[in-house]
Amino acid sequence: MATARSRPRSTRNGDEVSELDKRIIEHLQQDGRRPFTQIAAELGVSEAAVRARTNRLVERGIIQIVGVTDPLKLGFQQMAMVGIRCERDRLLSVAEAVSAFPEVDYVVITAGTYDVLIEVVCADNSALLDFLAERLRAIDGVRETATFVYLRMVKQTYQWGTR
Amino acid sequence: MATARSRPRSTRNGDEVSELDKRIIEHLQQDGRRPFTQIAAELGVSEAAVRARTNRLVERGIIQIVGVTDPLKLGFQQMAMVGIRCERDRLLSVAEAVSAFPEVDYVVITAGTYDVLIEVVCADNSALLDFLAERLRAIDGVRETATFVYLRMVKQTYQWGTR
Amino acid sequence: MATARSRPRSTRNGDEVSELDKRIIEHLQQDGRRPFTQIAAELGVSEAAVRARTNRLVERGIIQIVGVTDPLKLGFQQMAMVGIRCERDRLLSVAEAVSAFPEVDYVVITAGTYDVLIEVVCADNSALLDFLAERLRAIDGVRETATFVYLRMVKQTYQWGTR
Amino acid sequence: MATARSRPRSTRNGDEVSELDKRIIEHLQQDGRRPFTQIAAELGVSEAAVRARTNRLVERGIIQIVGVTDPLKLGFQQMAMVGIRCERDRLLSVAEAVSAFPEVDYVVITAGTYDVLIEVVCADNSALLDFLAERLRAIDGVRETATFVYLRMVKQTYQWGTR
Amino acid sequence: MATARSRPRSTRNGDEVSELDKRIIEHLQQDGRRPFTQIAAELGVSEAAVRARTNRLVERGIIQIVGVTDPLKLGFQQMAMVGIRCERDRLLSVAEAVSAFPEVDYVVITAGTYDVLIEVVCADNSALLDFLAERLRAIDGVRETATFVYLRMVKQTYQWGTR
Amino acid sequence: MATARSRPRSTRNGDEVSELDKRIIEHLQQDGRRPFTQIAAELGVSEAAVRARTNRLVERGIIQIVGVTDPLKLGFQQMAMVGIRCERDRLLSVAEAVSAFPEVDYVVITAGTYDVLIEVVCADNSALLDFLAERLRAIDGVRETATFVYLRMVKQTYQWGTR
Amino acid sequence: MATARSRPRSTRNGDEVSELDKRIIEHLQQDGRRPFTQIAAELGVSEAAVRARTNRLVERGIIQIVGVTDPLKLGFQQMAMVGIRCERDRLLSVAEAVSAFPEVDYVVITAGTYDVLIEVVCADNSALLDFLAERLRAIDGVRETATFVYLRMVKQTYQWGTR
Amino acid sequence: MATARSRPRSTRNGDEVSELDKRIIEHLQQDGRRPFTQIAAELGVSEAAVRARTNRLVERGIIQIVGVTDPLKLGFQQMAMVGIRCERDRLLSVAEAVSAFPEVDYVVITAGTYDVLIEVVCADNSALLDFLAERLRAIDGVRETATFVYLRMVKQTYQWGTR
């Protein structure tokens, strides 16, 4: 008597992104401020169409057009990935709580040796220790943390997946 | 007889980002396509100043303005963090090689139990296995990999660090 | 003063399976619906003997004749082995509790780094997370889990052991 | 420039199993030798339909109808799960090679700390050591093995997933 | 203000075993029932001297003369080393408690990843599971156990250290 | 087509030790030099019977009667358990080679995270390092070692298993 | 809305050590009792200047001039690094508490698999066990410890970093 | 046939440090430049005696009187403990090689999960990566490294062990 929960989902959102949508996405992945007139000209459609579809992609949460900064160049000297193991029944609430911290810019729940992986951006080792000891580990349900300090960022890209 | 390598760097780039730069960055972190006229009005400076400073921030690599997509909504069902341990003297070359793969969107060198952490975006388990077995582990110098499959992405933000 | 518990068991059931039983088992391992007349002819005994011995093997729990399905072909996209570490004195009760879940088709208690290994069959990553976070880890006595997501099933056989 | 490899698959086989197919599967999961006439009567269809659909399910590899034995009752006293780590570029060939051993009844490739998980069924510790030392570890490309000896099998079921 | 506890011990018992003692020990390590007359003859001392010194060595706990059995030949099929991690402040009490079990023939406290290592001798896997689940893990203060099942004993000697 | 190797052994030696043998073993486990006349009197059999059966138990390797010394009391200050991981196909040869060292008094092959566990008895840390660096790790086929230094021996007994 | 805590520090103390300070430090790293007159002569400045600057460096905590002893030569036979994992919210208090023990001469908080690393100096294994079992693990908030016993100290230097 | 190597050492240097030596050491542990006249007065002996004994303690390597600096206050922002696992037979040569690096101020060989532990002092993350990737891992015989970045130094003392 398997419950509804364990049945495969019968629909799939991925297919609903059209080929034209994907071409627009590619342009915006390269330059988020590329004028719609230029994209329209290259794709052979009207500017209105590009604008409308872009707005729709943003509304549907398929794309965000944002300024992404390099922490090191803004004076943040210490970034780290932190693996978190949670108390038995606190996995989701820990993920929720840690997402509320401004120094945490990335939170995923994973299958593996850690329950949750987060990326944290700090000014220096002292700020990282403050974060770990007084903020992260103050969250009820955190059981164990392992910190992987970044020594060098080699690649961070936003251009994949549409072709 | 410490070498030059081991001496502290005497300069620091972070301080060179002005307060006005930071205010502009904040606007672009919220909406990468916000018109310069609107930003200029809110900050009480000329549009030309906002445009010039934005261009300068992009040129200096402090900010990228890009379209960031949600892989799951584009039909990519399997993302993973992969921890890589490298052969003794192949750390940098492995990081370089793995950065060349289009399914890898993030590569950092870390201090901890893994030498390199990468994020990989795949269509499904079959594509993930292809990536691991035939592409990642075909790189000379890769010694051991551990894969953390993403079950849910909880937070991914681009708004931090200027205040 | 060793207790009765620590003494070797003096009987052993394995020897009670006759050579004829083993030949019948081999036929049924190859095809669970093979007609008894065909098995009887090949083994040179009466159909009644094959039927009676098969019934007896099933009653003694030595063999089950069942339809075994391929989860992937039924739309279940995510299977995993989960290693469980239990609270000190909850090993048997955890094994019992986890056996009651319909998405869990295999539960063994092991000597090694995990106390219990289970196989779980889910529709997708979202269902797997639901299982892990809201069902498995809701069991009192579960202390830690490690999840090994299946990327490919290479062999699953039911034909061994009688020769 | 993502390759074809990294694109999501656009079709899905799971949906192609009809509701009638699923009802037949449920009957066979309970008793692999249940007469087609009985199944037909309970589902309100002809025996020919049940037979034809069953044959088709077997041909498509969706179901196998087999005799599944209990190793302990056949005198096999030692079963184990073995986690294998492979040399960098030998993952698939190791999985292939280990599948050829008759004492190995289960082989999966996993994402996690092991590359391959296998289940092995042996007569006793001496046979298990022979298997590990002289057979498994004789396979070129095996780098490291960890063995989890079974102390008790708690659940092994074949009834799930159709409802 | 270092306490007395942290000061080096100023005496050492090892030196108090004479050369003659050591020669007698060597004889008894080879055969615990070797007649004192024979040992006396070979060492060129009186039987009374050998007897007196042997008694003294036994009284001082330097040697035990015992019958050591081979568990496998007495029908005990399953031996294991078990690594135990204890609750913070229960290390010594756990070591004490586990020493009271008759199936445990060896208990040491170690520096490393385990707090206590024990050797356990059981009739079979079922007895080993009983021991682990119902006896060892019923001890208050046991936090985690890892079991290393013996596949083959290669060396067990009692002849070392006097030369 | 399972090979002979994977079949259960049909005989078992444990049962061949008689009740009288077990009573004699118990006496010798308590005191290896207890006179046969005393044992005979307590068990109500002739001295010749006790002597003959003891000799037979020793010949069959079921019991050794030996002097077992306490290393610490002989001036050996550093004992350790060492876990060894071997190269893929060198498991048995490593176990063989390490058994030849006089400072190693115990060698078992195990299923778990280590391939071989050994106990080593050294005079001090310097001798232990010599053993590890220059003797153990000089053995071809040793891949990795982990050393658990003994802090205290809590139990070492030879009295179990006959009742 | 990042808090003040997460902002990069705008000042840096390191640069405030003058070149002359560094030359004086080098002399004192080689010999802590070198007469100020000798240092002054070699650096071509007045003795008063060397004395004043040295006092200032000591007051600012940049240098300590101390007698550093070799534990082994003082009869301390057992040193160890101990990795400590703390309860979620007790990291700082554990580091504080462990610093109060006289046998602990080094305490650092680290990012990695351990929260705190300490170096401990003991007379022998018995004292080390006392320390671990009765002192370190009596600290509230200590969750797990791993002990790395020193076998040989190869380098301990105080001469680096000024050139 | 145990070799000379495995015999306990019969002498011990620790006892040769007199009570007066220990009192002098205590003074120098508190202040390495404390005038001998002051120490002499407090201990009630002549200045010549204090001077002679101090010189003798330094010559015997029992004490070094040195200036010990705080790396952070000299602008070194990144310190780390690095655990090294070596190739089977390269343990001693790796320890030797790594001791030659000026950024490494501490090298010990340990029993445990790492073969060698080193402390390294670097200007920043970039220098630490250079050290790890291009210097440490260029040493032949290094097999694996794990880096524990220091977040805060809590205690570093030189005053212990004489009372």
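Residue numbering begins at 1 within each chain, and the chains themselves are lettered A, B, C, D, E, F, G and H in the order written.
Going forward, a contact is a pair of C-beta atoms (placed from the backbone, for glycine too) under 8 Å apart; a residue touches a chain by one contact, two chains touch by 3 or more.
Just so you know, these numbers come straight off a predicted model, no measurement behind them.
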Shortest chain-hopping distance from chain A out to chain H: 1
Copy pair chain B, chain C: interface residue numbering same or different (half cut): same
Centre-to-centre distance between chain G and chain F (centres being mean Cα positions), rounded to whole Å: 45
Whole-Å gap separating chain C and chain F, where each centre is the average of the chain's CA atoms: 36
Chain B-chain D separation of Cα centroids, rounded to whole Å: 40
Distance between chain centroids, defined by C-alpha means - chain A, chain B (Å): 10
Junction residues of chain G, two or more chains touched: 1-2, 6-8, 12, 14-15, 74-77, 80, 102-103, 109, 111-113, 121, 124, 126, 128-129, 132, 146-152, 160-162
Residues of chain H that touch chain E when the two form their complex: 1-2, 6-8, 10, 12, 14-15, 111-113, 160-163
Interface residues, chain H side, partner chain G - complex: 12-15, 17, 25, 27-33, 60-77, 79-81, 95-96, 99, 102-114, 116-117, 121, 146-158, 160-162
In the complex, chain B residues that touch chain D: 74-77, 80, 102-103, 121-124, 126-134, 137-139, 142-144, 146-149
Chain D-facing residues of chain E, complex: 77-78, 124-126, 128-129, 132, 147, 149-152
Residues on chain D engaged by chain B in the complex (per definition of touch): 1-3, 5-9, 85, 88-89, 91-92, 109, 111-113
